[in-house]
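Shared chain: chain A. Partners: chain B in the first complex, chain C in the second.
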Partner chain A sequence: MVLGNYKSVVAARSTDNEILKGAQDGGIVTQLFAYALEEGIIDGAIVAGPSDEPWKPEPVIATSKAELLAARGTRYTLSPNISLLKEATRSYGLDRIGIVGTPCQMQAVRKAQLYPIGMRDVPDKIALAVGIFCMENFPYQGLEAMVEDHCNVKLESVKKLDIGKGKFWAYTERGAVAQIPLKVTHKYEQPGCHVCLDYVSNLADVSTGSVGAPDGWSTVFVRTKNGENAWSKAIGAGCFETKPIEEVKPGLDLVKKLATDKITKNQKTLDERATFGVGKGLRNPYL
Partner chain B sequence: MVEKITVGHVHLSGCTGCLVSFADNYEGLFKILDDYADLVYALTLVDVRQIPEMDVALVEGSVCLQDKSSVEEIREAREKAKIVVALGGCAAYGNITRFCRGGQWNQPQMESYVPIGELIDVDLYIPGCAPTPQQIRNVCIMAYLLLKGTDEQKELAGAYLKPLMDLAQRGDEACGCDLMYDVINQGLCMGCGSCAAACPVRAVSMEYGKPNIDRDLCIKCGACYAQCPRSFFNFDVMNEFEGISELIKGVME
Partner chain C sequence: MSKVVEISPTTRHEGHTKLVLKINDEGIVERGDWLSLTPVRGIEKLAVGKSMHQVPKIASRVCGICPIAHTLAATEAMEASVGCYVPEDAMLLRYILQCANRLHSHALHNILSLPDMYLPGTDTKINPFTPEEPVRSVALRIQKLREVGQTVGEIVGGEAIHPSNPRVGGMYKNITPRAREKIYDLAKEALPLARDHMEFMISVFKNFQNRDTVEVGGMEVPVPDTFGFHNQGYMATAPVYGSSSLDDDPTWFPERWTEVRPWDWYMGETEIDYDEPNYPIGGTTPAGNKAWPQMEACMGVPLYDGQPVEVGPRARMVQYRNFDLKGAMGLQIARQMEYMDCIYGMMEAADALNTSGKVLADEIPQGDGTLGWAANEAPRGSDVHLVKVKDGRVRWYSLLVPTTWNFPTCSRALEGAPWQLAEVIVRAYDPCVSCATHMLVVNEDKRIVAQKLIE
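Let's look at the complex of A and B:
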């Protein structure tokens, strides 16, 4: 289950330059939602929108392309997107919900569907769940420390943040680039991430990330019937250009390696929790 | 058609919201009653005065200790039902009735309300205030498969129901604080926001990506804790979400 169940996997990027401009990688998420919105596959999408504080995301329900565009890019800090899941059906009256999230958020979506304990009318209304790859996430103050203290860059002046090639990168509006090795960022990781056993959003309808594909492109897994339906229609409409994953560098092997590394490391943490104290352990959420 | 299971709704001190929620499956309710379950007892819907033998008792409401008939009924339900389900926050955790102090017309002496688990063994909890129509539907379908299905269906239903059975074993107290004790304090919260979405009274807000519980607002329904992916998450069931969702859809068609 390292890469989860999937029907197909390709390298892809959006054909819309406006989307690509502010997107993190191939603009897969924004493009797919924009298309799904236009076609009525979804009537709105829960995304990580901007807030009053720089780089602090605020979950929002986007019902227009403009709102989707405003939410482009990766914010490496918590955006509790699931907090709007029931609200989307109530205050916004959505019957077909799109939602983007990290692997753990995709787990939350599926739990909400199979065990809708406080999620009235949610299960049948998830129309398109797009998962993003995720190695770890950071609390906002952690991100602040990484960018301001370690990269020596003001959060307000940052244009893009990225993790890749073993480093954390901050690009500023004025063209400066700061980078720090990931070993510096580890201590700022959210503790809850250390028991996480999913890298590539196994439970999403479509999941995507940068790893595996060349710069500016994304790796895309199509996993379910819903995902297949939306993806094939979007391809038919010319929303994406694609390349076979076998033909791009570094390719699926790297995805598999990183996923295996994450799962192995976090499984070890889970095992260690069992004997954390003296004759006493910590909870294992999966038992 | 295979034989149906028998289900009863036992109404203690609750607001009928749980029953309304069951009914909010609309045509799904008729499907359940037509094909899978005979409703053998339900004060509001069925003209039967004595609790009969049944496969599943869905109990709504907490028990008023000063109300003899309530105490009698919960005992009887336990004796006559194979599976007792605490339907909703009041039956499972006391919920809003925990805050009762008596003094109401026309029974001012009725003041102590306890969840049914304080008086009897309970097999399964459906937390929430009100529990959702879809969660009740899923439990009904799985209970049916568990009792009348093929071996494969029995196995699936068992795996599905286990966490809800574990909740019944876990205890009969719950509130937003359980997120604190079992998830946040245990270093497990990852800030998804499921708890905030689940809370019926908006007692949970997300501050810097983590839940903050307004304990004055919390009514102790248990939904936030049970909805949290880090309270329980069974990969066996969740990895099969597509197949199970289709199964449920198919069964209800």
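Let's look at the complex of A and C:
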């Protein structure tokens, strides 16, 4: 169950070179939203758009392919996408919302649908929730320290950031590559991530990440009826190239291993909270 | 020999009130006291010292049916006090919000009024919850109109109940072209429904007034020709929106307003010596109980030119449209006639709106303690907020809400009606009693006389 419920899982990438150029992995998120927008499955998508500061995302409501393209790539810092969830149904006038986010953000979306506290008119307007895999996240200052101090690279000059093969990587516009071991980054993780028990966005309609698939490709779980509907239509329209997950390396076994590691480690943190103090503990949101 | 009967609580309106009625041998009201029993919440008092940005959000919570009125009146009173002029596109958004709220509120009130009424040409009373036609279609139409009102309110106001978008200086956000189109589509969908509905409701109210008798709890009760008539004046500040002390030609005048205590206006202690166990549902207050309106009334009695006045849809129609129907049903009919204004109003304002225009004033002064006021024509009438803001904080605050104006006027309108129909008159005013339960009472010299109540 560490991978959640799903109907199918494949390795995939977009067939649109323009999307692939700036995408983090297989351009799944950007391609799926672009298709859904075109088909009217959604009428806007909440994505992590660019802001005034380099690599600091700002949630935006994209209603065009150009806006989706501008939001490509992973920003390893918080992007409070849910902050636009209600507003999307208000001044933006959306009826069918697409939203991308980390597993915790997918949880927020589902919770708002089932327990809409101050979330009037949100529950029935979520049309496509695309989750990304997430091991942990960093506050912006943490990211700054990792890139500028440890990798010794100016954030402004970074073209892509990535976590993979046990390392944190920064690629610059001018072609330099810097990397640091992940153990250096641990102290910069946001503490809230240490009680997170979801790696592959179990609650999304479709979830995707890099782990399991070769470079330039993504691992994709199709989870819900809603997700399957959008995904199969997009496949039919030729949006994606796919391969059975069994035929790619490293494949699902690695995804499962990493998911198990995350959950085991964080469950332990959670358990320790119960006896954190002398004769009293810290709150457990899962109880 | 007159007797006293009491209906407590009254039903099918917002809030908590009762009727203490002195009646003659025929059961006709000689003197009626309609009073609020809703506990005082003291918004005016607790606003003092808080920021001008927070107080309108608190004032909104006075009422969940017309929160738009309190939000806008409070925000605009702050703006009037500090002298802040709001950009035009912000005003257009507020105007749309106003129309949307009135649409929903009037439609909601239909549900409350219909059970007193008959299907025209029959002796069948209307139960809005019946699955049978033609009432079922009427109920669905009402729900649709409310849905349109609330959805449009949500788009421009950020929230249908307690709008989040208005702020001192304008609005937090303009809307997108898509949102504007959605408003337009919803309004166009509602337009024919509203027209049919208005005509249906007017025929229902006319039919009531034309009946010789109606049935209440098994009693046949005559409907007088002058049912719900009164000789008080009217007060309205605009056909749709309102006015404020920033206007070149304001349409409300603070110097004409005074307020008296319930003590000066309501009956003293009296014993209930008539009861009717068949009055639906649960009977009237048993004989032998005591009532003391002077002491029990939880509100002040505001006067305009020294008199109680009527506010609301008819007051607006009388002042701006030469409307001349009197009585309880005249008031109901005037309300239905406002449906079309709501819908055309939101369409026209949406047309005029520039969705990329700015919606926040460049400068928001912090205020020097000048008195500012704003009147918003709430669904139930003029909602006037008065405030003094200094250094961004509220120093003094007072609300004169529609139902407060209407309490004494409606009380007079009860005279001459069979007591069993007193509630039908009350409902014609669409009372909103949590709105009306207000907190500072000032006398002719504007001195606070009933502050003790809330300390």
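The definition used in the following text is that the second predicted complex is superposed on the first by the 287 of 287 C-alpha atoms of A that agree within 3 Å, B and C clash if a C-alpha of one lies under 4 Å from a C-alpha of the other, contacts with A are read in each partner's own complex, and residues count from 1 in each chain.
The criterion applied here is as follows: contacts are C-beta pairs under 8 Å (C-beta built on N, C-alpha and C of every residue); 3 or more make two chains touch, one makes a residue touch a chain.
Note that the structure is predicted; figures quoted are calculated from it, not measured.
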Quick one: classify A:K111 as touching chain B (first), chain C (second), both or neither.
first
Applying the touch criterion given at the start, work out whether A:R120 contacts chain B, chain C, both or neither, answering first, second, both or neither.
both
Max touched-residue count on chain A (chain B vs chain C) belongs to chain B
In the superposed arrangement, which partner chain does A:Y92 touch: chain B (first), chain C (second), both, or neither?
second
After the superposition on A, what does A:K256 contact: first (chain B), second (chain C), both or neither?
neither
Scan A:K243 for contacts with chain B and chain C and give back first, second, both or neither.
neither
Does chain B (first) or chain C (second) touch A:H150, or do both, or does neither?
neither
Classify the contacts of A:K233 with the two partner chains as first (chain B alone), second (chain C alone), both, or neither.
neither
Using the superposition on chain A described above, determine whether A:D43 touches chain B (first), chain C (second), both, or neither.
second
In the superposed arrangement, what residues of chain A touch both chain B and chain C?
87, 120-121
Show which residues of chain A lie in contact with chain B when the two form their complex.
1, 5, 56, 59, 77-87, 101-102, 104-105, 107-108, 110-124, 137, 139-141, 190-196, 202-203, 224-225, 282-283, 285-286
In the complex of these two chains, what residues of chain B are touching chain A?
21, 126-128, 130-135, 138, 160, 163-164, 182-183, 186-194, 196-200, 206, 208-210, 221, 223-224, 226-227, 229-235, 237-239, 241-242, 244-245, 249
Mind pulling up the chain C residues that touch chain A in the complex?
151, 154-156, 158-161, 165, 173-176, 178-183
Given the complex, residues on chain A that touch chain C span 43-44, 63, 87, 89-95, 120-121
